[in-house]
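To keep things simple, chains are lettered A, B, C, D and E as they appear, and every chain counts its residues starting from 1.
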Amino acid sequence: MINNKQWVITPFLVFVLALVSHSATAADGSTVLQSGDFVGYSFWLISMALAASTIFFLMESMRIGGKWATSLTVSALVTFIAAFHYMYMREVWVSTGATPTDFRYIDWLLTVPLLMIEFYLILAAIAKVSGGIFWRLLIGTLVMLVPGYMGEAGYLNPTLGFGIGMLGWLFILYEIFFGEASKVAATQAPPAVQTAYMLMKWTVTVGWAIYPIGYFFGYLAGGTDMGTLNIVYNLADVLNKIAFGLFIWYAANEATAAKT
Amino acid sequence: MINNKQWVITPFLVFVLALVSHSATAADGSTVLQSGDFVGYSFWLISMALAASTIFFLMESMRIGGKWATSLTVSALVTFIAAFHYMYMREVWVSTGATPTDFRYIDWLLTVPLLMIEFYLILAAIAKVSGGIFWRLLIGTLVMLVPGYMGEAGYLNPTLGFGIGMLGWLFILYEIFFGEASKVAATQAPPAVQTAYMLMKWTVTVGWAIYPIGYFFGYLAGGTDMGTLNIVYNLADVLNKIAFGLFIWYAANEATAAKT
Amino acid sequence: MINNKQWVITPFLVFVLALVSHSATAADGSTVLQSGDFVGYSFWLISMALAASTIFFLMESMRIGGKWATSLTVSALVTFIAAFHYMYMREVWVSTGATPTDFRYIDWLLTVPLLMIEFYLILAAIAKVSGGIFWRLLIGTLVMLVPGYMGEAGYLNPTLGFGIGMLGWLFILYEIFFGEASKVAATQAPPAVQTAYMLMKWTVTVGWAIYPIGYFFGYLAGGTDMGTLNIVYNLADVLNKIAFGLFIWYAANEATAAKT
Amino acid sequence: MINNKQWVITPFLVFVLALVSHSATAADGSTVLQSGDFVGYSFWLISMALAASTIFFLMESMRIGGKWATSLTVSALVTFIAAFHYMYMREVWVSTGATPTDFRYIDWLLTVPLLMIEFYLILAAIAKVSGGIFWRLLIGTLVMLVPGYMGEAGYLNPTLGFGIGMLGWLFILYEIFFGEASKVAATQAPPAVQTAYMLMKWTVTVGWAIYPIGYFFGYLAGGTDMGTLNIVYNLADVLNKIAFGLFIWYAANEATAAKT
Amino acid sequence: MINNKQWVITPFLVFVLALVSHSATAADGSTVLQSGDFVGYSFWLISMALAASTIFFLMESMRIGGKWATSLTVSALVTFIAAFHYMYMREVWVSTGATPTDFRYIDWLLTVPLLMIEFYLILAAIAKVSGGIFWRLLIGTLVMLVPGYMGEAGYLNPTLGFGIGMLGWLFILYEIFFGEASKVAATQAPPAVQTAYMLMKWTVTVGWAIYPIGYFFGYLAGGTDMGTLNIVYNLADVLNKIAFGLFIWYAANEATAAKT
């Protein structure tokens, strides 16, 4: 496991982006893509990274085959949907300077459930697992996403929406840290799958924390700078979509190599 | 069967959509995609979900292979055709606020027969079945669709068109609940295929009921709100196209796994 | 053969189209796609059906493999080229109401020879066949197509062009009904391939008859209604391109299943 | 070899084009695609034929596999690059009536070396061959192409550019008719590969002769009609790109069938 | 190794480009793509070459399979990302005559780390290698790229940015010439992989030198001609992206052939 850390490309991308975007605030208010619009750059960069990731996951899904292929195809669906939305969001940002919140939520409504399904799929690839894992994670996802959007769109008191969303997230974390899924991973998964599971669960903990933090600063704590908020969301998506997919690819690659 | 309910992603999507669209009426009359246009959002969301489903079904068709591959490819054709039309319908709605009824019927004229063929294909994948099943389902589809459109387009008395269409639908339901197809499924199909068959036939019952209900309220009972009608149709398509395809994928996945 | 008539989807589509287009004349003269422009609808519907057929034939070509794969790929080329031209023709029709005759001939110059090659390819997939079949069919195709266009474009007397074209068609019919190709099919082909050959030869007889009939009414018998002529040509293409490909797919599917 | 002349589709296309374009001169000076613009038709027809050929070669490359797959993929690259350029050239011609010479040279700079590599690849698929063949053909290609363009673009005396280019071509012909490549083909290739090699070398002789003839009439002999020149170049590309690829496909198909 | 130098297509392309672009300076200042705009031609030519290379690497990845498939897929990602950016850069250049520096850096931020990963992947395909190789190369890449951009964009003193970037490059060169990676290549790699490794490391030395030279002349030595700078960068990308990928393809092809 130490030797084949091919998935480490992702932290690198995150780091690069962090550097590239260090002065995103300065670009606020610009209405066209121009030298120095780091928010626009990050939309561009990530849309390309997502498109390339989609090709990568589809190709590796075909190469690796078997049960893991489904997991990798779902990773490709996540980056495909996100790449599409990022291209639209890039245009919205570049042409109007507005924050494309609606597109983000549409993206999340499709990609977050798919990411949750991945916990189930990687365990189903190596063991006989209960459908209860699947349902609990999906319901948690739902409780997390919907009230948040309703709060942002004004159909719910923002603080209440925020609170309910947090409970959904905590429920998901409980399941993957202490629930049935965590037990299956701990007792039946080969080492590479355990490593991937560990990275995935910490991504859901640390990587997903960026959204409520953004929500908190953006809508509760008196508003924040939109450029910074978008950079933060974009970085979160690199970790939560591309890196998350690469963790699964790592498990698939190692588990398949171990068999042959 | 309890353990591998991977197809449950669909009810989730339906539920999410139901929530997202709860206030679709409020958005009526808006002529551009703007924050709060939930009808436009649902067109967008479903067009992306259909595109992603198409990739999924094509990839899984290549992975699973054999006779099931044809069923999954046909599922992909359904979502491909629908994704294409949803993108056009989204544009029609967003730019004019008009209900794209014509595009829906063109879509249905292509996708509904393909969905009917799926009943035949999944049975043909596991047993020697009579071509009579195929023909009866196709003729039923035809009787269901064509008079309905003629009623909406004004070439037939709406009530008469509605009535004939309903008879076509009842004929289809008879075939899949009590006819030859139901007998093949009951006697020769392995458990996963039986489960899929059951879900598919109830989809045709409950999910397809949304169309005549929409037709009834839209054209017979004094007209209805167009935004609501589109949301209802969009939700129906999630169940009748994406979920329907996932039921088949579930059967294909289980039946293939059982062999190896 | 009775039991696996999966190719019957095509007559169904033809029938649906016939109904959809029953009042095509009424839509003549409209310059934008509007409710009731059935000619425009048929262009749209067929362009989508051709695109979906292309995906289907390519997927099935990859699944079935072997010598049949080439036949199915060529079927996909036919529907690919036609889908492309139908999208252009749809635009020409919708924006100008003009009949896109030039695009039809460009399409036919590419697709008709590919269809003729299919007779050769399906026989070559099951037996050792003479290249003479191939050459005779190609020369017949040429004699059929080129004078027709020259007549329509004004480079030849229309009646003379019509007559020469008819001779080319009769030559093709002779070859596939009584010539070497028919003998190979009758003596060496398995039942499913014989059925496909029979359906293909009658398609060339009945389905292709639509073109000279349209030509006759359009250019010889004092001109005809352009909307009706386009509907007739569009219906002919459904039979001659999509159904023709499905006949080949039927033979490929049955012949492959028989081996395993 | 007599029996499986599936590659004969190409001469047919050439012939059809020859007929279609018989009155190309008459269409000169037209600035929009209109009935009778046979130059525009030939750009359109060939762009579609190239796109379809690309799909065909990629599908057959996947089907046939092994060493031949690389040859077929390279054939697909040639038609892919040419299809792309033909679509641009078609637009240039239709919208301005100008001859898109620059696009032709960019196309040739990419596709001609790829075609030369094919001689090497088909021999490498059946025998152990010297890299010297590869290098000599590439250098000959270079000497042929670059001075020609410099002459047309005005960076070199046209007659001098023409002369040097001719020497490069003669050097290539020497290699494939009498050099090491010809000896490998004559002594080690199975019959189908020998046939393909023969057709390929005569294509380079006769088919490529069209370019210097066009160059001679276009730039040396006092200028020529641009419509005619483009038709001649377009016909040459059908032979030199599509037919050339079909010759290789013929060899691949026969050599693979012979093994199984 | 002498006999199968199929990868030599790349030096050829470089040479052709060198000739094509010999008078790039003359085209400076032109605002539309016109005869003689060799900078625009080189953008065009390379965008097409990158697109074709992407198809080639994806096809060969599927053909060759196994561990090498991942390396070839990553090569395809590099050319895919670059093809996309070159098409945008071409448009920027042709429509404004401006140098698209921002797009180049976005491209490099994605492709250079992927190229570095290739050193790791080709060694991992033939031996058990330490993850330290991976991390050292990535960190070197980062130190090389980021300060360079900060210098160009004005967030850092250009000379300082240049200096730090050079140190990152030297660190990379140390690793691949004398570090752990070089030892694995020297002791465990089969001959073809050693050849590829050698070509790759010299590409990183000579090919990458073009960037600091361009940077030096462009931003430090009093500014330079933008047309020449772009030609130089474009040529560097042909070597560093297409040729680099072909070296890996050469190793994959030879190592796979040796096994069978």
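Keep this in mind: contacts are C-beta pairs under 8 Å (C-beta built on N, C-alpha and C of every residue); 3 or more make two chains touch, one makes a residue touch a chain.
Quick caveat: nothing in here was measured; it's all calculated off a predicted structure.
**Q** How many degrees of rotation map chain C onto its copy chain D on CA atoms, rounded to the nearest 5?
**A** In degrees, rounded to 5: 70.
**Q** What is the distance in Å between the mean C-alpha positions of chain A and chain D?
**A** 48
**Q** What whole-Å value do you get for the distance between chain A and chain E if each is reduced to the mean of its CA atoms?
**A** 30
**Q** Residues of chain B that contact two or more other chains, please.
**A** In chain B, 62 touch at least two other chains.
**Q** Drawing the touching chains as a network, do you get a line, a ring, a star, a complete graph or other?
**A** It is a ring, because the chains touch in a row that closes back on itself.
**Q** Order of chains around the ring, counting from chain C in the direction of chain D?
**A** Order around the closed ring, chain C first, chain D second: C, D, E, A, B.
**Q** Applying the document's contact rule, which stretches of chain C touch chain B when the two form their complex?
**A** 2-6, 8-9, 12-13, 15-16, 19-20, 22-23, 35-36, 41, 44-45, 48-49, 51-52, 55-56, 59-60, 62-63, 253
**Q** Can you tell me which positions in chain E touch chain A when the two form their complex?
**A** Its residues touching chain A are 58, 61-62, 65-66, 69-70, 73-74, 76-77, 80-81, 84-85, 101-102, 106, 109-110, 113-114, 117, 120-121, 124, 128-131, 134-135, 138, 141-142, 145-146, 149, 153, 155.
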